[in-house]
Each structure stands twice: as structure tokens, then as C-alpha cells.
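Here is the structure we will look at.
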Amino acid sequence: MTSQIGPLLMLGAGLGFAIAAVATLDPGSARRMGPGAFPLLVGAALTLLAAITLVRNLRAPMDWHRPDPLAVLAVLGGAVAFAFFTPLLGVLPAAVLSVLATSSVVREFRWPWKFVLAFSVAAGVWLVFIAGLGIPLTAIRGL
Amino acid sequence: MELLSNLALGFTTAATLFNLSYCFVGVFLGTFIGVLPGVGPLAAVAMLLPVSFYLPPVTALVMLAGVYYGAEYGGSIASILLNIPGTPSASVTCLDGYPMAREGRAGVALFATAIASFFGGIVGVTVMVLLAPALAAFALLFGPAEYFSVMVLSLVAASVVSTSGALRGLNMVCLGILLGTVGIDINSGVTRFTGGVQELRDGVSLVVVAMGLFGISEVMVSARGATRSYATETFSLHHFLPTVAEWVSSIGPAIRGSAVGSFFGTLPGTGQTVASFVGYAVEKRVSRNRDNFGKGAIEGVVVPESANNAAAQTAFIPTLTLGIPGSTTMALMLGALMIHGITPGPRLIAEHPHLFWGLVVSFLFGNLFLLILNIPLINLWVRLLRVPHYFLYPTVVVLICVGVYSIDNSIFDIWMTLFFGVIGYLLRLFRFEPAPLLIGFVLGPMMEEFFRRAMLLSRGDPMVFLERPGSAALLGAAAILLVAAVVPIKSLLAGAGFRRPAHADEHE
Amino acid sequence: MTTRRDILSATVIALGLGLSPGAGVLADTAWPEKPVRILVSFPPGGASDLVARLLAEKLSASLGQKFVVENKPGAAGTVAATALQGAAPDGHTLMLSNLTPFNVAPTRFPDTPYDPVADFDHITYIGAVHLGLFVAPSLEIDDLETFIEAAKAAPGKFEYGSSGVGSWGHIIAERFVDVTGAELFHIPYKGSGPMRLDFRAGVVPTIFDAVPQNLPSVEEGSAVPLAVTATQRIDTLPNVPTFTEMGYDIVAENWLGVSTPTGVPAQVREKLDAALQEAMMSDDVVAQFDTWGLVREPMTSAEFSEFVAAQFAAWKPLVAAAMD
């Protein structure tokens, strides 16, 4: 049953775009198409395709992959840490915190090593992006 | 004879120590920058543009061009090792390159990439030498209807590429097109589907979508996967060489890929991405090894790499001879010329022959440098896979974040990347692959633009797409590709032909 | 050699960014005391971007601090202008100001968060390009009156290309339709490049586009200029009449200048203006601007500010007329 979620998501997306196009955008005429025409066409196409996929999948369900919540959480944690701390502290501290967040779920990875990795990654970021490529990033805020 | 004197002029221009060294610097920097996730050829060329002010125009262009195709090549390294394509065209290389890496054959995949790129590049250069003036005129035969049909063909090709079936591929292509409609509509100036968010007015950035769908979701899938890495135990060059059988079976794909690539490169704006997808889709139909496509077939690496490198070279034809850049990266190269008072246009070849032919010949050297540079580096890249995954993945997460952030200094872009990462992860769980979505996203806006322009010019008559012979032929090719993919040949023979779903008509 | 120098200076900047204290405005002569950003509302590579890069090189040399071009394209240039409005008024953030974000966008998008006149100091006027009406040679028309008659005889038959909805080409073309009564059919493009490609290929017979980038086609004979929107004939097309000369009140220029947010100390503004004026006098910049077809005119900072305000007022009704 779970494997139906995929086609259902697609169905939802297709319907969503098609309905939003009708509700908020002008379809125009064939002579001068409005902004809503193309999204409506493609949204309808996706709805149809997703419906066919769903029917087929009901007959012969395609296997699905089991999720790994811990891995997802770790990656989310790492990216969120970076996005959250960059404006507050600058890119390099954010990089350190991001590495610590991502690696926190790995048990066989000892804490001292996590710090070593975190600071090496920050150093690498500075070396490549700021010193090497000269991209104007705030390395450490307030410095 | 004229050809020989042109080539001679090119050699005397390109083969000076000064120009050769800048060519080398270009491809070297390009390769390394291309490997970084999110930092593609555009960023690399933009960074070196100021340096080029101080160089003679030929040297400047030779260096920037080197950065450009070097970065295209570098993008495929991250695709194979980590399943994170540096460029949209490299997302095709992921399809078979990454499975090869997981089988411990990353070295072979990288070796095949280097050789195929070199081969594609050389074919592209040859095409330029022989046909540049004729091909410049060719782009002018394409009107909006033909461009629309090229888009349809490419999108069908992209959905056929999907290993979980063309139907699911088409789903993803449509979703990609819809995501591409977010932002200001260029035909009316109306804002679409932004939910009032200012940052979305210009649409979602390509890098954000690519890094989310591929990068972030890939890390989510693999972060706690196999504890052992996929690296082979030995690191001799001997180990990276494809088998004799693989060499033999790669010849056809390399030739077909280069031909497809050379053709699509000459169309401004479509270039490498379309070339890679169409090349792969065609190969997947004609190859004897088609059943292994998507599972680590060497042909699946050879085709897109030869195609996108051939296209990277021939893309200079419209840029230089029409003065119309096909991409922002190409616009920067034009900028490098304009700063020296050279206006690209129809008379460029005649007025600045040493510039044009010098550049063409420098491609030969540049591709050779790439080969010489990268064969020894394979060793280094493969060793990267031996790094335990708990070192590698936190680093990749930071690299993706910094790469995305560095484009615009925008935190919003990081949130969006994360959003697409989660979407990509969900879709992956349920066997929808990200590659067709990405190409739908890239080509969708162009497809709409050409569709609506063609309809404007025909004053609302959709028959224009079938009345123009070029457009009709391309649509026909798309229909054949689609039918061939949806109707399995075996089931046709078995008489179960009526499993062809209704959507086959949708794209005609 | 140059590369090494450049890498060195890049390192110096990286260090400088980290070390320079935020506060501590010393004497007014201290400006610029850290790298100066020049915001550009176009993607890298176009003519305007190159103007900024060229001037940045000159200013870096004359003022002893790195001037860095930062491309912030998007939303009709309002992204860059909004960033400029929000920047500290200390002279370390400048913008290559131009027609669209300052004279067109505020009228077109009522939610534009800035006032193009009150929120900025417009320091230096650089120059302008004009719009031309070009037709394909296949029409076999080479003067404006014949074209207007032909278009009137077949209303809506002739398509014209513009570089986008709400672009100055579009606005002026609609003005042309209003003033002459010749009805044309609009085909919008995404920028000038794709439009010129289709024009060359014969897809659209007419374009309203900036003059300089079309000069190679004019020379080659693949584009026929009928009229330009300048007040007097321009040097690069001396045989082509202006619209005003032909009796049609259509004048437009896409100007370029350098602007800052309001509140920059007067001494800094004067020093910047002086440095820019000097840079624009140097032989290579003059030669470069000539090849790009930038038409120049001397203006003081005060005159330039008045000019921007007058342009804003003049474009207001034109924008409104084209967009409904």
C-alpha cells in the first residue's frame, strides 16, 4: 500500500498546479496565450500521467525503499545548522557547527575526531572559497 | 587549401608557450572548480574574467574557454564518485557512472570519461573546422516552432532515460516543467506560483534544484549506508583500464554521442544538456547492452560524456559567428572579447581569423591537457572514496551549503535546497528518479517560451508545429522514441501490443 | 605577471576584509578605507556590466582600494537597487544605476520598496545608448514614412520584437503605435540576444532595440535602421533620422550612472565623482566607450540628480500606457 504514496504525490502536484493556474492566472486565448495556459496544460498532463501510474501501480506495485530517519535527520540538522548560524556567526563557525550536527548520529565516530573534522572542513572552506576563489563571504562575523 | 592555411594560422597562434600555458591554467582551474558541488563553469569563468582584461584577446578567450570545458569535465567527476552532478548535463553521467563506482569500478568510469570527453572534444573541433561557416547559417533555419519541437524531443528522451520506466520519467519531466513556471512569466510580466515570496520572483535557481534533488537527497540515502566504502583495494593504472570488450563496445557509442553532441551544440541555448540526454536515450534503444543501462554500463558513461564535450566545442559556433550567446557562461566569454573592442558577429571569422582559428586549435591542446592531467588524477579521486563515509558526508553537506550560499549570499537559497532535498528523497523512496525532473526544469521555461512565441506568430494556429517540416520531423522522432520506449518490443511480438498507454499522444 | 599580482591583491583583500574595524570614520579623506562594491543589475558579460568592470579597474588603480563588481540581476533591476537602498551610506557600496530600476520599475511595480529620487544620491552620469527601430532588409523598406504607411495598411500584420514585457523597447514601441497610429504585433523575448537571433533568421521583421549591439548587422546589411530615439542624430548612425526630426515625439535613452544611497558624506561624494570623471577622461576608457556606442554629455552631480528625477516623471505615463 505504501508504494501508492509516490503516484499520489504526483497526482497531488499535478492537480495543485492545474487548480492554482485556473484560480489565480489568466489563461488568455489561443491567439495570445495568458500566463495560466501553459501551467494548466502541463498540470493536466501530469494529473493524467499520475493517474495512469497509480492504476498501473495498483495492479503491479513497484517496490519502495525503506527510509532511514536517522540519516535524514542528520543531514537536515547539518544543513539547518549552516543556514541558521551563517547570518549570526559567519560561514566558518556555521561550517563547524554543521559538521558537528551531521556527524552527531554516527556512533563509531568519536567526539575528538568530529572536532578535528569540523575544524578541518572550516579551514578547507576558507582556503578554497574565500582565499582561493575570492568569493565575498563573511568568514567570521564581527571580525 | 584554405582550410590548411586556416589551421596553420590557428597553430601559429595557439601553439605559443604563452597561450599554451594559459590554456593549461584554464583547464586545470576549470577541472578543480567543476568538482566542487554548486560551483559550475559560470562561477569559474566569472572569477577569471577580470584577469582576462590584462591579456591579449586570443589568450583571454583561450583561457576562459579552457576553464569552461574543464569545468564541464570536472562536473562529471563528482557525478561518478558521489552522484552529485556539477552541471545539468552531468546528471546523465550519474545514471551509469555512480552505479559503476558502487561496484568498485569508479576508476574505470573516470578513465572512460576522460577518453570519451577527449574523443567528443576532438570530434567537436573537427566539426568546427570543417563546417563552422555552414553551421552558423544552420542555427538561423530554426524558428520558434523548431525549437519547441527540439525541446519536446529532449524531454521525451529524458523520460526514456529513467530506469524505473518511461511513464514515471514523464511524470517527473512534467513536475520539472511545472516547477520551472514559478516566478515572473516573461510573456506577460505576471508573477506565478510564488505565494508572495519576493525571493521567488525570478524563479528557483537551477543550482538550488540540482543540489537539493541530487546532492542533499543523495547524502540522505547514503550517509549511513554501507560502512565499507566502494573503493577498490588496488590503485594501479592497470586496474582502471576498461577491458578489451568494453573498449570495443564503447566505440559505437562514442561516435554516436559525438555526432549528437556536435549537432545540438550548434543550437544556441540547448547545447550540452540536450545533447547528453538525447544521446543517452538513443543509445539506450540501439545498444546491444541496453538491459544494463542504469546499472553501471560503460556505454552509459561514454555517450553523455562524448556528447557534452562535443557540444561544448560546437557551442562556440553560434556564440562567435552570430554574436548570440547560448548561455550566461558564453555571454561572459563575449564580454571578454568586447572589453578588447572585438564585437562578435557574422564577420568575426573574416575580420579576426587568428582569434577564431587560434581558439579552435587551442581546443585540441586543451583537450589533450585535460587527458594528460586527468589520467593520473583518477588515482587521487578514487582514493577519495576510501575516506570513511562519516568523514565524507558531513563535508559534502557543508560543501553543498557553501556552494549554494556563495552564488548570491542568500540563506533563502539554502532553505530551498533543503526543501528540494526532502522532495527528492521522498520521490526516490517511491522510485521516481530526479534526472528527468531536472531536465524538465531546465528546458520547461524555454519550451513554454518557444511554444507561446510560435503560437503568437501563427496567430493562434497550433498546426504550425506540423506544417513546418523541421518541426514535424523532430516531433516525429520524439513520437517514435516514446512509442519504442513505452511499447516493449517483446510484448509487441507476443501480441500484447495494446498496453500502450494513452499519454503517448500527449506529446504530438 | 598580472595573474600573480591579481592573486596577491585578492589575498590582501581577504585579509583586509577580516581586519578593518567596522566603526571609526576618520577624516573624510580616508574613504575608501575598505573594498568598495559596485552593484550591477545585469548578469555578467553584457555591455553595462563591462562598463562597471572597466571603471572598477580604473578606480581601484586611482583610489588604492579594490573596487569589486557584484552582479545582482533580477526583477527588472530592483534587486540591485533595493540592496543599494539598504546598504550603509558610507560610500563603500555603489551601483551602476540605469533606466530600468530607477525610471521604469517603480511605476510598473507599485510594490517597489524604494523611491528612485529621494532614497538615492545620483553622483555621476556616465552616458547613454539610444533605441533604434530596425527592419529586416526583406521588407525592402528603408525609410520611416514608408514603414508607417505599410503598417497602417495592414494593421497588426507586422510583428515587432522587444527584449521583454515592460522593457524600454516594449514601452517605446507602444508609444510608437500611439503616436503614429500604425498598429504592430508584440513578440516579447527574454533579452536582446535571442531577439536579434530571430530577427536575423527572419522570424520577426521589426525590432526596437538599443543601437550599439545592432551596428555590426547594419554594417553587414542584415538590419535596416529607420529612426533613433535620440534628440539629435547620433555619431554611429549619422544618416539615420531621429523620430523628432520626422515629426514624432518619441525620445528615449537608456542612461548609465553611478549612484549611492542617500546620506553619504559630501566629501566622499565629491571624491568619487572626481575619480570617476578622471577615469572617464583616460584614453582607453574613451576609446572603449566609443566602440560600445555610449553617447556622453558632461553633467554635474546636481544636474544628474535632476536628470534622474525628470526622467522618472517623463517615463511614468509611457510605462502606464504600455502596460495596460
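Read from first to last, the chains carry the letters A, B and C; within each, the first residue is number 1.
In this section, a contact is a pair of C-beta atoms (placed from the backbone, for glycine too) under 8 Å apart; a residue touches a chain by one contact, two chains touch by 3 or more.
All figures in this text were calculated on a predicted structure; none of them were measured in a lab.
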Sorted by contact pairs, first entry is A-B
What chain sits nearest the middle when you go by CA atom centres?
-> B
Tell me, please, which chain's centre (mean of its C-alpha atoms) is farthest from the centre of chain A?
-> C
Chain A-chain B separation of Cα centroids, rounded to whole Å | 21
Intercentroid distance (Cα basis), chain C paired with chain A, Å | 37
With chain centres defined as C-alpha means, what is the inter-centre distance between chain B and chain C in Å?
-> 33
Flagged in chain A as touching 2+ other chains are 134, 136
Which residues does chain B have that touch at least 2 chains other than itself?
-> 187-188, 456
Multi-partner residues of chain C (each touching 2 or more other chains) | none
Chain B residues touching chain A - in the complex, by the definition given at the top | 33, 36, 39, 43, 47, 164, 167-168, 170-171, 174-175, 177-178, 181, 185, 187-188, 190, 192-193, 216, 219-225, 227, 390-391, 393-395, 397-402, 405-406, 409, 411, 414-415, 417-418, 421-422, 425-432, 444, 448, 451-452, 455-456, 459-462, 501-503, 506
Which of the residues in chain C come into contact with chain B in the complex?
-> 2-3, 6, 43-47, 49-50, 53-54, 57, 71-72, 74-75, 79, 108, 159, 164-166, 185, 187-190, 193-194, 196-198, 200-204, 213, 215-217, 219-220, 222, 287-288, 291-292, 323
Over in the complex, which chain B residues touch chain C? Could you list them?
-> 25, 46, 49-51, 53-55, 139-144, 184, 186-189, 201-202, 268-269, 318, 322-325, 328, 331-335, 338-339, 341, 343, 345-347, 408, 449, 453, 456-457
Under the touch definition given earlier, write down the residues of chain A that touch chain B in their complex.
-> 3, 5-7, 9-10, 13-14, 17, 20-21, 24-26, 29-39, 42-43, 45-46, 48-50, 52-53, 56, 62-68, 70-72, 74-76, 78-80, 82-83, 86-87, 91, 94-95, 98-99, 102-103, 105-106, 108-109, 117-118, 121, 124-125, 128-129, 133-137
